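A, B, C and D are the chain letters, set down in written order, and residue numbers restart from 1 in every chain.
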Amino acid sequence: MSKRMSIPEAASLINDGDMITFSGFTIWRRPMALVYELIRQRKQNLHLVEVNSGTHGDMLIGAGCVKVWESCWIGQELFGKLGGNLDRKLREGSILVEDYSHYQMLLRMMAGAQGVPYLPTWASRGTDILNPDYDMLAKAGLRDGSNPKIPRHKFAIVEDQFYEEGTLIHVPAVRPNVCIAHVQQVGEDGTVRVWGQKFADEEAIKAADKVIVIAEEVVPEEYLRREPERNLIPPYLVDVIVEQPWGAHPTGNFGCHEVDGPFMRDFYNKTRTQEGFDAWADEWVFGVPDYEAYLEKLGFNRLQKLRANSAYKYNDSAKRGTR
Amino acid sequence: MSKRMSIPEAASLINDGDMITFSGFTIWRRPMALVYELIRQRKQNLHLVEVNSGTHGDMLIGAGCVKVWESCWIGQELFGKLGGNLDRKLREGSILVEDYSHYQMLLRMMAGAQGVPYLPTWASRGTDILNPDYDMLAKAGLRDGSNPKIPRHKFAIVEDQFYEEGTLIHVPAVRPNVCIAHVQQVGEDGTVRVWGQKFADEEAIKAADKVIVIAEEVVPEEYLRREPERNLIPPYLVDVIVEQPWGAHPTGNFGCHEVDGPFMRDFYNKTRTQEGFDAWADEWVFGVPDYEAYLEKLGFNRLQKLRANSAYKYNDSAKRGTR
Amino acid sequence: MDKNYAKPGEYKVNDLLAVAAAREVRDGEVVFAGTGLPMLAILLAQKTCAPHAYCVYEAGTIDGRSVHLPASVGDARCAYQAAVASGLFDVFGQLQRGKVDLAYLGGAEIDKYGNVNTTVIGDYAHPQVRFPGSGGNPDINSMARRTVFMMVQEKRRFREQVDYLTSPGWRVKKWPGGEWVSRQEAFGKMFRGGPSAVITNMAVFRFDESTGLMYLDTVHPGHTVEDVRNNVSFDLDVSRVKGETEPPTHEELHLLYHVVDAEGIFLP
Amino acid sequence: MDKNYAKPGEYKVNDLLAVAAAREVRDGEVVFAGTGLPMLAILLAQKTCAPHAYCVYEAGTIDGRSVHLPASVGDARCAYQAAVASGLFDVFGQLQRGKVDLAYLGGAEIDKYGNVNTTVIGDYAHPQVRFPGSGGNPDINSMARRTVFMMVQEKRRFREQVDYLTSPGWRVKKWPGGEWVSRQEAFGKMFRGGPSAVITNMAVFRFDESTGLMYLDTVHPGHTVEDVRNNVSFDLDVSRVKGETEPPTHEELHLLYHVVDAEGIFLP
């Protein structure tokens, strides 16, 4: 009973309206191969809940796949300071945005991962993040309990009884339908190894009901199990395995390849209007039949120049600045 | 400003009445060298708060160092099924015991590590662990807020407002004065690497106000930093470093040495009475000036036969069973 | 496949316990196991009825493929060829998240509702004996889908009511009030199941989930219903006895003595 | 040691920002830094006034010794020779535990109490511009002991009140009611400090912790108090001006351009 699938097969498991989360951090190790395919399959009404977002999220939003976005940050880092598509859709009123802080989003995911309905925190007291006037899911009538994935409250403010330290914030758990993760290595049965920073991958994977893992390479379980301390996730938490080298492009991947900054900047610059987005997508998403064709379009030498040095774990030779 | 100290110097940092926690799990990777020295220095009124206990805890209790013990388990595993000293002291009424479940103790430590006064859980509903008649610190008048380390309540029972999933248990944070940890490797500045299972070490170290790390070996920081994913704790969370090979004996240590079962069984059998304990301590604690003398008394060949095979990470040749 | 059963006298009581417990595992399940007989049971199950079962140890190893039997869940042997070696926060978190299908547990005393005591005999504040304590027993037993208890059959251990309710059965105390209610009522939406079998040296017991009461399911070869009744101090429901417990096969005994516990640690 | 200061014209405004921010670090401190100028500041501090400071990046690396400047806190370069490479739960947990002494932050708008907006311009539900969002700004700013903001000095950015209070200053909203109270009152026992400096292209500002109000501390060489006042849209307290901001030294500039950002990523 192999868990192996192709990118299109894996994408077909995601239903319109699903709550989705992702591996990675801002513009690092995002499951782009599957993100492109979700756009190609024209998914609708997705509910993204992310510890933080980035190029992948802004792309799904630009493509009109997203109805609700709950997170704390979106942008392209050095390569485009806004989530240009989110900015446009929000100004148009065609997307619902619910703001939490970064740590609050992490704790929401951790609560999901740990099977409790909420976690307490001191983070972000005093801010408009807690302003009930800005509870956009409530204003949209989505906190009535009819959707079991949407909690009845954005927050609760609760007094500490144990040490009398004051009022804490309870943030509700997130339990996405699907987590889509891009990682460096997965075993044939599903043991996951992530190199470098783990970001919030463990929490995102454990919080989700279904887990799709796209890996640079599928390796023998026995190999990963020689050092079980280095592995993040056991096989039974992984439902689908896809082998897709370079599957995180244009985002970066520790030990594998650099961020493709020019690609990202081009995306940002061209997609500030919907017409621009559509033209960009016609070229890079709908204009190629699949991810292999996308990589071929990028070309060998462009990718080769992004490859990580195996000692440094990043590319140390490409020109990045002005000197 | 070196953090290096001797075992006696490190032990002298612990004050009578301090709340203490430890690295390890049952009879694995306990900081025994320092535990022996605490007994030798005749510490009094210690308040042990442990995710789980074992030989080290029962030894401190037998020596009369402990006033309060909060945990979920004590024993010597296969080598003595009870915490014989705890059993005796509790029957005598000379120790206060507060029972939580294992996961509750872990969450208490995690709450301390994460800087929140409590965490919620579904664990152990329906049991006498939640029985207010069995809140022994309250019965002893210790939950009046006068000791800032002791929470005002053993538990709180709280309704979930977000998903209406029912009543959760809030368990209070633990913030020990000191965590004493035995690990395999520490860098000169304090970066900690633990091999194999981490148990609850990360939580115990992060929850404590002061951290004493005893290591099999002190190694160059640069060496540990070649693979930062494998390290558990950064230097600034470590206050004191002691190099003490075999410092976990008679408990076992992944990658280093086996549990010394016969030693442990002998301890268990001989210390079921106070007279027995005192005689045992006269031989193994007060009868040797320091840990080096203790190891010398055990002898080279006894220790050598416990040494781990470097591929297996445990000793694969000593006779363990009847075949 | 014809089963080549061993006859009474060809196996010891612990062999039967391990075999009966192993048969509770369904293939592909995630199983929490403790030290001793539970380890034998899950390791045997992986070699017989449930080759794709995953074994999780409380100290923080997942799906180890030990080549030498661990003598404790903290043992370095647990990590050998494991999928993950982490710590308690990982494995207990997965348990709370609902990822554990089955767990093996033990106890000093049990009552007719499956409530177990591993804490004290006698008055809690002034006990006659202090046991090791709860460990993860109540955590696992309140959050796994099914639990199997392995116990010694004695009248004083099978009681109308236990001295201290360490681990929750099918009728429990609801706090803060402490009133006795069904497990289903106490756990509400977070009810996932509960104790599904108690396996002793004499018999296998199961539970009526609506009344919460323990009943006799099968009696081990060499014992009678009457023997069992005489070793239980409450009024045991024997109306549903299905017959004899299936004895170990020679194949299972071979695996136990020559593969699972080849060193003779738990099966001397 | 005599300091060999650079003259106006020998350095750019970002050089001064990085240098001024670096000087806020005390040796041995644990510092949270974000992408860009904050990275330059902590890396410069480690090479000058605070050789034993520890740098923590939000994505999960601690005390890296990068040989190539990271272009993002998620960058693989952050992990080079780090003490620990873990994830957000580790580093935010340490922050909440009170282990972070100082953090560098930024913002699009700031008010006279140091409240910062990085979320929207205009009405929250129908904004004129949507910024990237809070990120960790409010987490760090509510739980670190001191924070230093690095911002662009413009009248429209230094406002009487920000459009959205993303990150808490010295007078904040207390929920659930939303009344304005002092930070000390809002945070109670968990008050640990707060914004200690705002460094812009024109000046350094600090806060009166009792009134919560921002005041002008020093003015950068080449600017006047009047210049600063003209680029602030609230009534700025200039009564405590200490004089000119200490300019960069040639040594600091050398480190910035030839060691810290040798590739010219943030300092072209």
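Simple rule for what comes next: contacts are C-beta pairs under 8 Å (C-beta built on N, C-alpha and C of every residue); 3 or more make two chains touch, one makes a residue touch a chain.
Because the structure is predicted, anything quoted here is derived from the model rather than measured.
Shared contact partners of chain C and chain D, listed by label, are A, B.
Contact tally for A-C versus B-C: the pair with more C-beta pairs in contact is B-C. Rounded to whole angstrom, the centroid-to-centroid distance between chain B and chain D, based on C-alpha atoms, equals 40 Å. With centres defined as mean CA coordinates, chain D is found 27 Å away from chain A.
For chain D, residues touching at least two other chains, in rising order: 61, 79, 85-86, 96, 143. Among the residues of chain B, those touching two or more other chains are numbered 115-116, 121-122, 164-165, 196, 198, 229. Taken pairwise by the contact criterion, the protein chains fit none of the simple patterns, being neither a path, a ring, a star nor fully connected. By the definition of touch given earlier, these chain pairs are in contact: A-B, A-C, A-D, B-C, B-D.
Against chain C, in their complex, chain B makes its touches with residues 24-28, 51-52, 71-75, 77-78, 81-83, 86-87, 90-91, 93, 97, 99-104, 106, 110, 121-134, 136, 139, 155, 157, 164-167, 196-203, 252, 254-255, 259, 308, 312-314, 316, 319-323. Chain D meets chain A in the complex at residues 35, 58-61, 67-68, 71-80, 85-89, 92, 95-96, 119, 124-139, 142-143, 164-168, 172-176, 178, 183, 186-190, 261-266, 268.
The touching residues of chain B, when paired with chain A in their complex, are 115-122, 145, 148, 151-153, 156, 160-165, 168, 170, 172-173, 195-196, 198, 229-230. If you check the complex, the residues on chain B that touch chain D are 113-116, 187, 189, 191, 206, 221-222, 224-226, 228-229, 231-237.
Against chain A, the residues of chain C that register as touching in their complex are 28, 30, 54, 61-65, 79, 81-86, 93-94, 96-99, 143.
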